[in-house]
Amino acid sequence: MIALLIRDLRLAVRAGGGFGLGLAFFLIVIVLVPFGVGPEAAVLTRIAPGILWVAALLAALLSLDRIFALDFEDGSLALLATSPLPLEGVALVKALAHWITTGLPLTLAAPVLGFLLNLDGPAYPWLLASLALGTPALSMIGAFGAALTVGLRRGGLLLSLLVLPLYVPTLIFGAEVVRRGAEGMPVTTPLLMLAGITVGGFALLPFAAAAALRVNLR
Amino acid sequence: MSIWEYANPKKFMGWTAPLVPWLFGLAGACLIVGLVWGFFLTPDDYKQGSTVKIIYLHVPSALMAINAWFMMLIASLIWLVRRHHVSALAAKAAAPVGVVMTLIALFTGAVWGQPMWGTWWAWDPRLTSFLILFLFYLGYIALWAAIEDPDTAADLTSVLCIVGSVFAVLSRYAVNFWNQGLHQGASLSMDKADHVANVFYIPLLVCIAGFVLLFIALVLLRTRTEIRVRRMSALIARTRPTEVTT
Amino acid sequence: MLTVTDLACARGGVPVLSGVSFAVPAGGVLILRGPNGVGKTTLLRTLAGLQPALSGTVDFPEDQGAYASHADGVKATLTVTENLTFWAQVHGSRMPDDILATFDLETLRDRMAGTLSAGQKRRLGLARLGVIGRKVLFLDEPTVSLDAFSVRLFADFLRDRHLAQGGLAVIATHIDLGIDAPELDLTPFKAGPQTTGGSDEAFL
Amino acid sequence: MIPDLGKYAGPVLSAYGVAIVLLVGLVVVSIWRARKVKAALEWIEGKRNG
């Protein structure tokens, strides 16, 4: 499993686009928002938590279809399926690799982009915490969606349609943590719910993803 | 004879054939009686005025929007565990019915709330939940449409339905949490039925019965169509090789 | 030891083969023959467990099967050594020192797989079979885009390393590998249009 | 015979209208497709037997 993780990370680094594209997309969305809503600092402060979360979510969505598609096309996935690695483990590791190459950089970049949106001072630690806790769930849910659509020719668009509704709870609790953090309200409940989604997702979704992969490999 | 025998496609076609027209007739009768009674013969609510008449459409369609998904979940589980083809096709057949029910619930809900909120769309937790349910239905139907092999499609949509159910429940709680306090007391939906007077309650029950019967009739009819489509493609697939060799 | 009994398999829900029975002893090879579309790939994928059989049994020691086709999972942005080490690690084994020499890849060991020629890439894909330590190989057209020299390298590997150590293989191929092995023509096992089974069965 | 709907006539009537159109539309589409598929299947079966 560690070998698979290292291979996926190495592939992502060498392919180049992996990190860069998601981050650049995140940056561009954040830059575009003030053009749409106007430069008023108070307005930006108010919508910053939600915009940051939505933009991070969309940036993570961009690279989802690559989680399994490349390995499916060149036959690696069929070879992995007949290897001693359980497909559940493969799905888990692939989601983890996706998080390290997209979710983690997004989390680290978010505070910088928070300045652009005039995010309130007390919200910064909670922005970091909520993204660090929530983006793994985005990757795991996305890996499940990617497993469902891996055999399809026009899977990319369908993948977004399937995954975005599944992202609703994560988005709600994630943005709520930041909003409450900004207003100095207690954040324990949404933070716990966010952690619950991530832990539950990583515990259960690999099984669903592996089941979908087996069907698609038939 | 085991109950599962009825799930054999041939048997299913046999025993549902005489049932469908009766169900449609009964559903139509219930709906006409319930809706006419509700629309013409019930008084206006002293507070909500004539908007209370929307309850005869909103509550039954909202109920069926959720129950249709629930039925799809059960059918998906049966398909995954016992691999009865009719079960998978019934889930496929129910989805568009569920979509229409969700649309009706959304529209009537928004229209009902309009005079109260002063706007056509309010992010009321209940309404928002139905909007999310609508998105789940869309994804489910799109996945069915995108996969060519019928068994693969049945397997994958079943997995999606199960995972989707968990997330739909989660979304319901998330949405409640997200919009707590903003529309307190303004939410209007099923629990309303508990404390409405009998004048409203009896026609409402007739309407609910009508919607349930209509749902069953539609699902049976559409499942029969799906079985025929499957049989058609199976016949075509099996005859093609002989045509090539002869 | 591989034993196949009365196997039937389907492609896209339609039965293509039925009543397939054979046995391959340790150290033996079986060559599958038959025209395109007869179901060689379907049979191999079913044997490897990638798709379920309609009926019948496939019996070989657990966790000893490996499948390989022309899509052999070679990553263009990994070096030759990295590609092979990865598959060795996944299978919990170590890369044998001489495997690169066996497939004439020694001078290429630190090249990116993406810069190899088609034939070299195929040799790399086949070298994977030498590092995973599996005894029962299911090979689908392993010699596609190999020249005569490379085919001989592969045949030597199969005979001297794999079979000599008690491995066995089922191979679908159109060319002569130069290995003395029984052949099985799949044409007689072709499922007719009236064959029962398949996912459409219930609807007919 | 039409009851006095007061100031909410628009919302109430549109709710009924849209709901009934949607329901009838769904029923009509379902029945139409059922008929079409049934005819097509019978044609194929007839060709196979005949």
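Chains here go by letter, A, B, C and D, matching the order in which they are written, and residues are numbered from 1 within each.
Note that in this section a contact is a pair of C-beta atoms (placed from the backbone, for glycine too) under 8 Å apart; a residue touches a chain by one contact, two chains touch by 3 or more.
Predicted, not measured: the structure shown is a model, and the values here were computed from it.
**Q** Given the two chain pairs A-B and B-C, which is bridged by the higher number of C-beta pairs in contact?
**A** If we tally the contacting C-beta pairs, A-B comes out ahead.
**Q** Return the chain label for which the distance between chain Cα mean and whole-protein Cα mean is smallest.
**A** A
**Q** With centres defined as the mean C-alpha position, give me the chain A-chain B separation in Å.
**A** 31
**Q** Which whole number of Å gives the spacing of the CA centres of chain C and chain D?
**A** That pair's centroid distance is 54 Å.
**Q** CA centre of chain B versus CA centre of chain C: separation in Å?
**A** Chain B and chain C have C-alpha centres separated by 48 Å.
**Q** Express in whole angstrom the distance between the two chain centres, defined as the mean CA positions of chain A and chain C.
**A** Here chain A and chain C have centroids separated by 37 Å.
**Q** Can you tell me which residues of chain A touch two or more of the remaining chains?
**A** Only 218 qualify.
**Q** Counting only residues that touch at least 2 other chains, which ones in chain B make the list?
**A** 231, 235, 239, in rising order.
**Q** Pull out every residue in chain C that's touching 2 or more other chains.
**A** Where chain C is concerned, no single residue meets two or more other chains.
**Q** Name the touching chain pairs, would you?
**A** A-B, A-C, B-C, B-D
**Q** Would you tell me which residues of chain C are touching chain A in their complex?
**A** 48-52, 63, 65-75, 77-78, 82, 85-87, 89-92, 128, 132
**Q** Over in the complex, which chain B residues touch chain C? Could you list them?
**A** Touch residues, chain B against chain C: 8-9, 85, 149-151, 227, 230-231, 233-235, 237-239, 241-242.
**Q** Can you list the chain C residues touching chain B in their complex?
**A** Residue positions touching the partner: 12-14, 192-194, 199-200, 202-204.
**Q** Looking at the complex, which residues from chain B come into contact with chain D?
**A** Residue positions touching the partner: 24, 31, 35, 39-40, 44, 49-51, 53-54, 57-58, 61, 96-97, 100, 103-104, 107-108, 111-112, 114-115, 214, 218, 221-222, 224-225, 228-229, 231-232, 235-236, 239.
**Q** Under the touch definition given earlier, write down the residues of chain A that touch chain B in their complex.
**A** So the residues of chain A touching chain B come out as 144, 148-149, 151-152, 154-155, 158, 161-162, 164-166, 168-169, 172-173, 176, 189-190, 193, 197, 204-205, 208, 211-212, 215-216, 218.
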